Every structure is written in C-alpha cells, then in structure tokens.
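The chains carry the letters A, B, C and D, assigned in the order they are written, with residues numbered from 1 in each.
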C-alpha cells in the first residue's frame, strides 16, 4: 500500500510574529497510523488545524488522495473526508451528546427529523467501535474520557476517512488509552488513515506505522516506527539527549506531615465525590494517587487545599487541623506550609492575562516581602520572578510577558516554581505533566524527587500511571470516590489497572 | 427701536409640546409680525445655563427671555453684570431692576378645567396625570381638584405622576397606561400636565371614548371632540409681550402675575370642543371666572404653603 | 481584551490609531453636518475653537472632563474585577446627598478647604453606600449586578425626587433644589492654573475638583496595578477560579470593589454641586454615569486612557455647545449624534483601520523581528 | 370595587405594559444567546418607533409602518453586528453608540421632516394598530368569572400584543427545535465548536443579530403604532434597559422571559394603579415610593428567589481565531 492519503507541500504559517510552521512537507500513506511528535509549541496543532481548514496556511498545498484540495474551511475538510479530535475539545458543554454530534450535520432545518436518524446512526457506531455513550447526557457532566469519545463519534458520524487526533491520550487512563488504540487499529483495518499527535513516545512505538518529528515549527525527520527507538525520537525532538527514566533513591519517610481522616466531599450537585477517605503522608515520601479521571481525585485535592468545602472528616497539617468542613482559607494554608499545584493550570493555577511575574506570586501576594509600605514592590516581584525563570529554565526568560504567550510546558513550570521554591512542608500536585513534552517532563520529575529528598511530604495525583509508578513511594488507588487499595510502586500495571477499574477494589472495599 | 431679542429654553427643549414650545410659539409670532429675527438656544445641561445666558448678553442680545423656573440663580448673577440688558424670566420671581418676572396663576385655569371636567363627568370621578412630582405641577393639579370638588362633596379626583427621571416628560406609553388605569377606576375625564407624556394621556382618552384635557397650549385639535378643553397658559403671550414691549421701548421690569383677569390662563374654547360644552358648563365657568376675577372665590395657590387643601 | 493583530510600536498603538479613528468619526459627523446644509469645516472649527480656543472654553471643557473622569474611573474599577457597574448614574446622584449634607451643615462656619475634605468623604460615602447593596447582593445572593444597578438607578431617582421635594427644598421655592451654599460650600476656580499658561478661566466653572479627579485617576492606577487589593481585584476579574485558589475572598473583593466604584461615582457630585451650581438640583448627573461607560471602555479601563477619553467627551460637550451657539441650525440633538458617532468609530470600530495601519508600518520597518515558534520547555 | 374586576383590569394593564418588554427581551435573547451582548435594545426600539411613526403617517398603512420599523431596526443591528462581529469591537461600546446616535437622529429627522420637535404627526386610526375585539366579547361579558376574563382580559388587545405572546413559544421553538436554533445556541457557548463543525461563526451571529433587529423593530412599532398614535422623542423611556434586565432575570430562557416581563409589567401596573391610594394600616405612601416599588421588588425577588444567572459562555467576547 503506497498510495498517499495526505501530502503536505511547503506549508508555512505565521501568527503575527510567531512563525508556527515553516515550509513543512509531509507524506502520510493511506491506511496507516502516522504519529507526529514534538515539543510544546513546535507547531503540531497548528499544522493539523491547517489540514483541517481551521487555519489557512500562508503558503503551501494540501493534496488529499492524490488531488490538490482547496481546504478553505472545516467544511471543505469534512467534505474531503477529514475529521479531527482537537487537543482542547470542541464541544458545547451545556449541550447533550446528541446535540453535539448533530451540530453542523443536522440534515434538515427542523431538528426532529434528524434526531431519529442521528440516534440510529449513533447506535450503530457505538456498536461497531464499542464506544458507548448516553446520547442524552449533558457534556459538562461527563468525564473527559467520555467527552473524547463524543469527539471521535463526531468525526465518525461525519464519515471521516482521515482522522486526526491531537493528544488524545492526555486525559485517558491506560485502559481507556488501550481501548482507543484498539479503535484506531480497527479504523486502520477498514482502510482509514489516522494522524496521531502525542507526547508519549511509548504510544508512538506501540501503535504507529510511521512517525514524524517537529521542532520549532519545522519538520525535522520522518521515521518508520519499527526502525527507530524511543531514545532517537526524544533526541530528535529536543535536539539533545533526554533521560527518559527518573533516577530515584530510597525514600526515608519521617514524621506524618499530612493526615487525612474520613474525608467526604460532595460536588455542587450533591453527588458524593470523595467518600470517607483516610491516609497519612510522611515527610520525605511521595504518595501517588492513581485512578481514572473523575473518581474524586480533583475534589480530594481541592478539599485539602481549602478551595472546596468538605462534608465531613478531618485533615491535619503538621499535626494541627485544617477546617476543611468550614472556612478553610487557601491563603492561610499556604502560610502553614501547604503548597498546591492545581490540575488546571489555565483556569486555576494561572491567570493567563497576567504577566509572568504577576503569576509568580499568585497566592503568595500577601507576603510582606512583596510589599513596600502599602504598595506592592514591583521590583522585588520581578527580581524574584527572574530568579525562578533562571532556576526552572522558563522560556522565554521575560517576566513581563503575558502568561498566555508561554507554551504549556513553560506555563506548568511557572506554577511549579512558584509552589516549590518556598520550601513548603507539604506539596500537593495534580497532573504535573499533562500536555507537557518529554524534555520538560524530565525536568519536572527531577524537581519533584528533589522535593522529596529535601524531606517534603508530596501528594501526587496523576492519570498517567507511568508517572505515578515512576515517582511514588506508595500508590493509593481511587475508584468512585474511595481509596480501594494501596500498592507499592513496583505493582504491575495490570494489577493497578484492575484496581482503577474498580474490579479488585469493590471486593477489597467490601471486606 | 432696533432690538436683538433672544430666548433660552429649559432642559425640556423647545419642542416639548408644552411649556417651552409655547414660549417658542410666542417668539415665532413676534418674528412673523415684525420680521425681526431672534436668537434661541436649548441647553443640554445645567452647566450651560450661565454660559448661554452670559453668552447671549455679551453678544448684545436684548431683551433676553428665559423659559423656566430654574434660571433664577444664574440670572441673578448675570443680570447684575449687564445692567443695560433687559431680561425676562418665566415661572419665577426675581427682584432685579432690569428683570421682568412673569408668573402664572395656573391654579385659576385649573379651577375652570376642574369645573368643566366635573360637569362633563358621568361618574363624578375625574383624574389628573402629572409628569413629575414637582411644585409647579402641583399648582396645576391643586386648582383642578379644587374646581372639580367645588361642584359638590361627592366629586372624586384621582391624581398620579409618571415618574422621577427626566423620561417622565417623554413617556406617552406610560401616560396612556396611567390614564387607562384611571378610567378603570371610574374616571371619565383626565387632565394632564405632563409635557410629551400628555400626548399619550389624550390619546388614551380618545381611544377609550373618554375625555381629555390639554395643558399649556391649546390641544383641543389633537383629537377633535375628544378633548374637553385645554388649560392654556399664555407663555407665548408672555414671550411675545416681552419682545414687543422692548421693541416699542415700553419694557417694564418687575413682577407680572398673570391669572384669569390678565388673560394669562384660561380654558380654551374653539370649534373642536364646542359640541362638548353645554350651555350649563359655559354658564358655570363664566360665573366661576367672574367670581375669581372679582375675588369672591379665592383659588388656593399651592406654592403659598405647598399643600393642597381640596 | 486581546489585540487580534500583530503588536505595533507604542506611538502607533496609542497615538496614530486613535487619531485615525477620531478623524474618521469627525469625517462622518461632517457628512451629517453637510446633510443639514451647514459647512462641516466651519463646524469643525467651532468644535475645536469652542473647546480649546480660549481660556474660558478650555475651562468648560475641563469642567466636563472632570465629571467624566470620575464616572469613567468608577466603571473601570468595577470592570477590573469583572463587574459591569451601570449604576454610576444612581451612585453619583446619591453621592450628591453627602456633598449637600456637608455643605448645608458647615458652609457658614468652615472655609472651603476644610469643608472640601468633609464633602469628599460624604460624596464617596453615599456613592459607596449605593453601590454596596448591589455589590452585596451579587456577592452573597448571586443577583446579577447589571440588573441590580439598573434598578438602583431608578430607585435613586425616586429617592432623590422625594428628598428634594420633602427635605432639601426650601419652602416656597419652585425648583427642586437646595438653597444656595455660602462661601464655604463653593469650590475655588482654578484660575491660577490657567494663568500659568497665560489663560483666563473667565466664567467657566473649572474648579479644584479637577485636581481631585486627577488624583483619583492616579489613585486608581496605584490601586489597580500597585496594591495587593488591586491585584486581587484583577485576579478575580480574569478568573474567579484562580482567585479562589489564591485564597482571595470572592465576596469581600466584590463588595469592596463595588464600594470603591460607587465612591468614585459619588465624588462626581462634587464638581457640579460644589464647583458649579453651589446647590444640589434635580437630576444634576444628567447622564454622566452612562457616558462613564463609554469613557471607561474607550480608555481601556486604564487611567491613562480614561483621562484622554474624558477629555474627548469634555470637548464634545463644550465644543458642541459652541457649535450650536454659532450655528443655530445645528441643535443639541445633532451634538448627540456626533457623540454617538465618535463612540462608534473611536470606540467600537477601533480595530477597523488597524490591519491597514499595521501593514503600512510593518511594511516600512525591516522585518527583523520574525520570531521563531517559541522553543519548548 | 369588585376585587375580581380589579384583578382583570390589572392583568390587562400588565399585558399591555409587558408587550414591548417581551418583544425587546426576546430580541436580546437571540443575539445574546449567540454571544453578542446588546445594550442597544433601547436605541433600536427608539429608531424603530420613529420609523414606524413616520412611514405609517406618510403611507397611512400600518403594514408599511411596521416594515419600516423592522427595516431600520435590522439596519441598526447590522451596524452593531459589523462593529462587534466583523470588527471585533467592544459590544457594549457599540450598543452605547447606537443609543446615542438614534436618540439624536430621531429628533433631528423628525424636526426636519415634520417640524414638531421630533414628534411625528398624530396617526389616524388607519395608520395605527387597532385592538382586536374577540367575537362575542360583549355578549359574554356578564357570564361570571369567565366572561370578564374573556372580554376584559383576552379581548381588546392589539395584534402586536398577540404577536408578542405568540413569539415566546415561537422563539423557544426556533431556539430549541430547529437547526438554526441549535447552531445559534452553540455559537454563544463555544464558537470554536461551531467553527470546527464547518459552520460560519460570523454569518450565524449576523443572522442572530438580524433576528434581534426584527423583534426590536416590532417592539418599537408597538410603541408608536399601538400603544400610542405616533412617535414622541425619547418615547422608549428606558424600556430597552428594563428588557435587558428581564432577559438576565430570565436567565436567557424564553419561557422565563415571558414570566419576567409579565412580572415587570405587573409591578408597573400595580404601582400606577395604587399611586395615591390609602392602604390599610399604612395609609398613603409617597408617590416616589410607589414609583420605585417595581424596582425595589425586582431587587428583592432577584435576591430572594432567582439565584445566579449564568450568561452564555462566549457572550461579550468577539470570536478571535488567530491571536
């Protein structure tokens, strides 16, 4: 099979002064799974969005199935048989699944007629690809994994022959990711072409036929997957050798720093999200919480850090209680030595419209060292931001740049620098490397282990099982709001996976 | 004499279908009769009062007429600075050697309107719609209430005001709705002193087959046969007189109080409302007018104590 | 608000583009003048000359500017916290109570410089009070600030109508206004300031509250960009979730912000009451609260933008009055149209000429700043 | 007076007062649901009322008057659309600008054409919407309970009032049951989702803005052709702002809009009716308190029962694809 599904010739694209894609050439063979990798901001999403007609290239041609295609807008792309699952989901959150799937493909002016057809078609697709969703569920109430299914169904519903997936596994559990890959395999067998962007080289090795590497807006290499290695790919991406495994010494746990007892948290709708959870974390250890997204991890972190009020339970920080069921004050907790890297850096951990330096003090803006009389000491704030920029190699090294203009990995480093550099006693971290490239992951992992070695108590939540296993000294597994088991980091992936799926857990919890 | 007359209107603007417009009509009449051009200005905010007044005075305009009671403070200052300029202010008394103050006895006209309303009413309930709750409007209302109630103790007068923002003078929809509400409560004649809002009041009366009473200018022609009368207040005459007397070098400063006797206020009678006015009504208002002029009937002036005894 | 196009040098961004927008606004206004059969050139002359041609004219322009700086700042402060305060009109109106009470109580006994601080405090206090309730309702009950502030404008009008009728108005007076204040309740004019430039303020009510407005503008800048409170307000305005994460108390910040906003709006009352009329009149705000919305947004909620925007509106008010003095066929309503066109072209359509100007400027300067896609972490 | 009769009369007054609010709030619903905020409802209504008054006077045809109102209002909407959709300007500033321009232009043009200071000449009955008397309204008047409801409350309204009330379910149906409505609601929540689905965000928003113009046009025509007989300057008197408040009060939902507008109308009708009325125990309350009552009660209701109103997520921000 040598027929080309896609050929990109000399694609060039600038956003204002940012040259996001430079003279890119790419060939993708029909019926293959083609991986695309590259650092944050390398231009992967931009390239795919051009292929999908969402952006227009400044120069260059797109050839689909041997014919030059004029892809002016997503409509043209859809007509050419291209479907795309975007990195940031393109779903209307207060619409139902069905409404989202129909949007743009309603078939008739009045919805009712189309609805019946869409339901039937959805049923068929669900069966064929084992992608179950409740068509009448509202998107914002669904876990991200399911939301992604909706995105895939959207593309399939539009009869896509070429499917682009932009970092689809960032939000998935291993089991879900496996499920996704089975579907992709199935699509490939049906002769469809898949373009897969991911930061996880393991996935590239496992599923793709070919892989292309982008760096700083350029396409630097294309390899046949079988003939390359993780090491080579990482080096191609970053332009230097990358350590893919974190080196970690023995943990030396000391006193209990954070003690959680019988914590119960409900969400705004009154659903119990954290159900009677208890655990302790000692100084000098990393406790990882594994679990499928949406099983209460987020609410757990929020309750401990004082952002969300708990229903019941106690939390002791350094031996003294936090008023988690009352008015726990995040600012107060910071002063008492609790640092928190939130899961959602875009909306919670950072104010994207602020300068880098302003974000560098978010939550610590009360600190007298940033104050000069009644005013904020801007010079002190910038100076400190510059220090952190240097220590964490944040790029571009400009504390006055708007945070929105930093790439995801650098944004994450801004948060980490802020939360880690003050020597907290307890560090709680959610999804430290979501959407972050390998170079940055290596750096972030090293910092987290350093924190532990300095005698901090670290609570780590991640949906990346690899990450949990690589960093944690103990692993707790959460399912449906409960801690369903504790395992050592060398527990097998399969065993953890079963716990996360609630299979073992239900038995254990019942005991 | 050669004169450069000028007039400055109040915030309502010269086409308020009411007070300022009457002033404008007086100036136009003067212009039509004498061919003498006049300057005029509509202020857009209070800060422009003094500015406009001074501006007209320093440009050599003479006489200068101000429509409205809000001009007193500014006029007091400027009149002293321009002792040779003649000023006239309407609806307000200001004691200065070069100022003529013209005030009206709205209550006397209102009294006659009240009598007509009461006599035309089958339900013995009549009503009043005011633009805003301000003393001047109470002057209109109080005479009207007194007039209607002078017919007998069983007469009832409903009274309502449109609003408290400047929009109160420009809300015909609400004016109409107030009138309808009053009709629902039994009124069958409604008198308004509400500027542009009154257009809606009279319209509502016409639509409902009830009677309206206009104000300031003669509004009988707006809905012939549906407007019982209009309480005319001869602001136009006041302006005309001020200009004319200056032209004839007969401008007198001092206070002019214009009531029924001076033909400053009255109820309008013309072919539009002739069919509505019965001989008894005619007789009643003639008598009332005579009594008031003779002083045997004294109509209470709201401004004397800011209460309405009726 | 994000700027959708490439970054321009500061002189173009803050100088050229606003100027081009204004020029177009006046061009279109000129067409309207032409339609009425008058000469647009002459109107333009009267507009500019009327606003700046003489010390007195400048005095009037700056008098209006003062008012708009206060109401513009009020809207801007709330905007930084993500609150759309359309209640400036009512807050300024109620602020008048504070000024009036201070003046009625002390105008016989205190000189203006002692009474002024009391009046400022009174104006700010009453304005803040009137904003406190909508702020509190938003913070504690989730009542949408836009509705409550609209409602509070109406309620303020009714309240003031009542107070002027029944409390403040001297018996027997026709107008709904207080008595005229004695010397202590009259702010001095800034003739010395004008004299420095060899100008005379004449009869223009250009008074010391202008300086207060400038101080307030500077104070707002300090507050928003140099204090912890301002930092918290901006955090709240951009992302309530981040604010909660940072330990910022949502209700507290909302209430404080609204009170500051209302206080600024209330201080507007000083200018007409103590600086011009020396008494409080019915409806003395006369729409300045709504003009403040346009001023704040056109000034991008930054004092450095609000002052020129307020000056622009001051110029439209004063220059507009001069036009209608000089050209009787151009009425005050025409001036309202011109104001609208300026708001439209210089405000809402501010980006219209940006692409063209960008192309020209970037075309002229060598393209050296071609930045590579930012390197990854 | 008969208590029941009073209720009927209050209800009829409520219906009349809420008619323009319903139309204007539904107008706002269409644009705001599509993500374009509009505080220019006031100006559009005013412009439409003027156009209706003028054209209806000149042609003696209500149909022409109504069409002119819609045309002018749609044109103003397109200006708002051009500024805020195409040029990505501030939606609030654009709305404020339209309010200014219309406030000035209606007076200038009215004065230039009719010389009555911005008023249009009073319309004769043929130039105005009459009221629809339902069949047998007079015959059944004396039937207890139902009679007054039929002849007092239902009968005697302008066709535009019927249209306004009909537009509530129609708007609901358009928004929730048609393709256009689905897309419109989507573009107000997440324009990128609409864009990637291959639908033009701009064109969709323009259509929403046009819908707004049409409804605002009808609202304006109601003022000058049905409630009144001709245009008077500034005759909207803040109704656009109240409609905006009703829209938010209703949390951007058609059915709630009906209730919010009826509530505002009722409070107004109540305040009008009971001005100067001596209440049991309280006595006469000051006029100003009665006039402020609708606004005070609105605030209390809002604080007490309504809770948080969450606007369409993408509302107020122009859609920018490439930064």
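The criterion applied here is as follows: a residue touches a chain if its C-beta (ideal position, glycine included) is under 8 Å from a C-beta of that chain, and two chains touch if they have at least 3 such contacts.
Being a predicted model, the structure only gives us computed values, none of them experimental.
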C-D or B-C, whichever has more C-beta pairs in contact:
C-D
Looking at Cα centroids only, farthest away from chain A lies chain B
Taking each chain's centre as its mean C-alpha position, how far apart are chain A and chain B in Å?
75
Interchain centroid distance [CA atoms averaged], chain C/chain D, Å
29
Inter-centroid spacing, chain C versus chain B (mean Cα positions, whole Å):
37
Starting from the mean Cα coordinates of chain A and chain C, work out the distance between those two points in Å.
45
Please set out, as single numbers or ranges, the residues of chain B touching at least two other chains.
13, 133, 163-165
Pull out every residue in chain C that's touching 2 or more other chains.
154, 158, 161, 165, 331, 335
Of all residues in chain A, which are in touch with two or more distinct other chains?
16
Listing every touching pair of chains gives A-C, A-D, B-C, B-D, C-D
In the complex of these two chains, what residues of chain C are touching chain A?
5-7, 222, 226-228, 231-232, 234-235, 238-239, 241-242, 244-248, 369-377
In the complex formed with chain D, which residues of chain A make contact?
15-16, 52, 54-55, 73-75, 77-78, 84, 86, 88, 90-95, 99-100, 102-106, 108-112, 114, 154
Which part of chain C faces chain D closely enough to touch in the complex?
1-2, 4, 36, 84, 86, 133, 137, 141-144, 146-148, 150-152, 154-155, 158-159, 161-162, 165-166, 290, 293-294, 297-298, 331, 333-341, 343-344, 347-352
Touching residues of chain C toward chain B in the complex: what are they?
60, 63-64, 154, 157-158, 160-161, 165, 169, 171-177, 180, 203-205, 272, 276-279, 281-284, 286, 317, 320-321, 324-325, 328, 331-332, 335
Tell me, which parts of chain B touch chain C in their complex?
13, 39-48, 50-52, 54-55, 69-70, 72-73, 91-92, 132-136, 163-166, 303-306
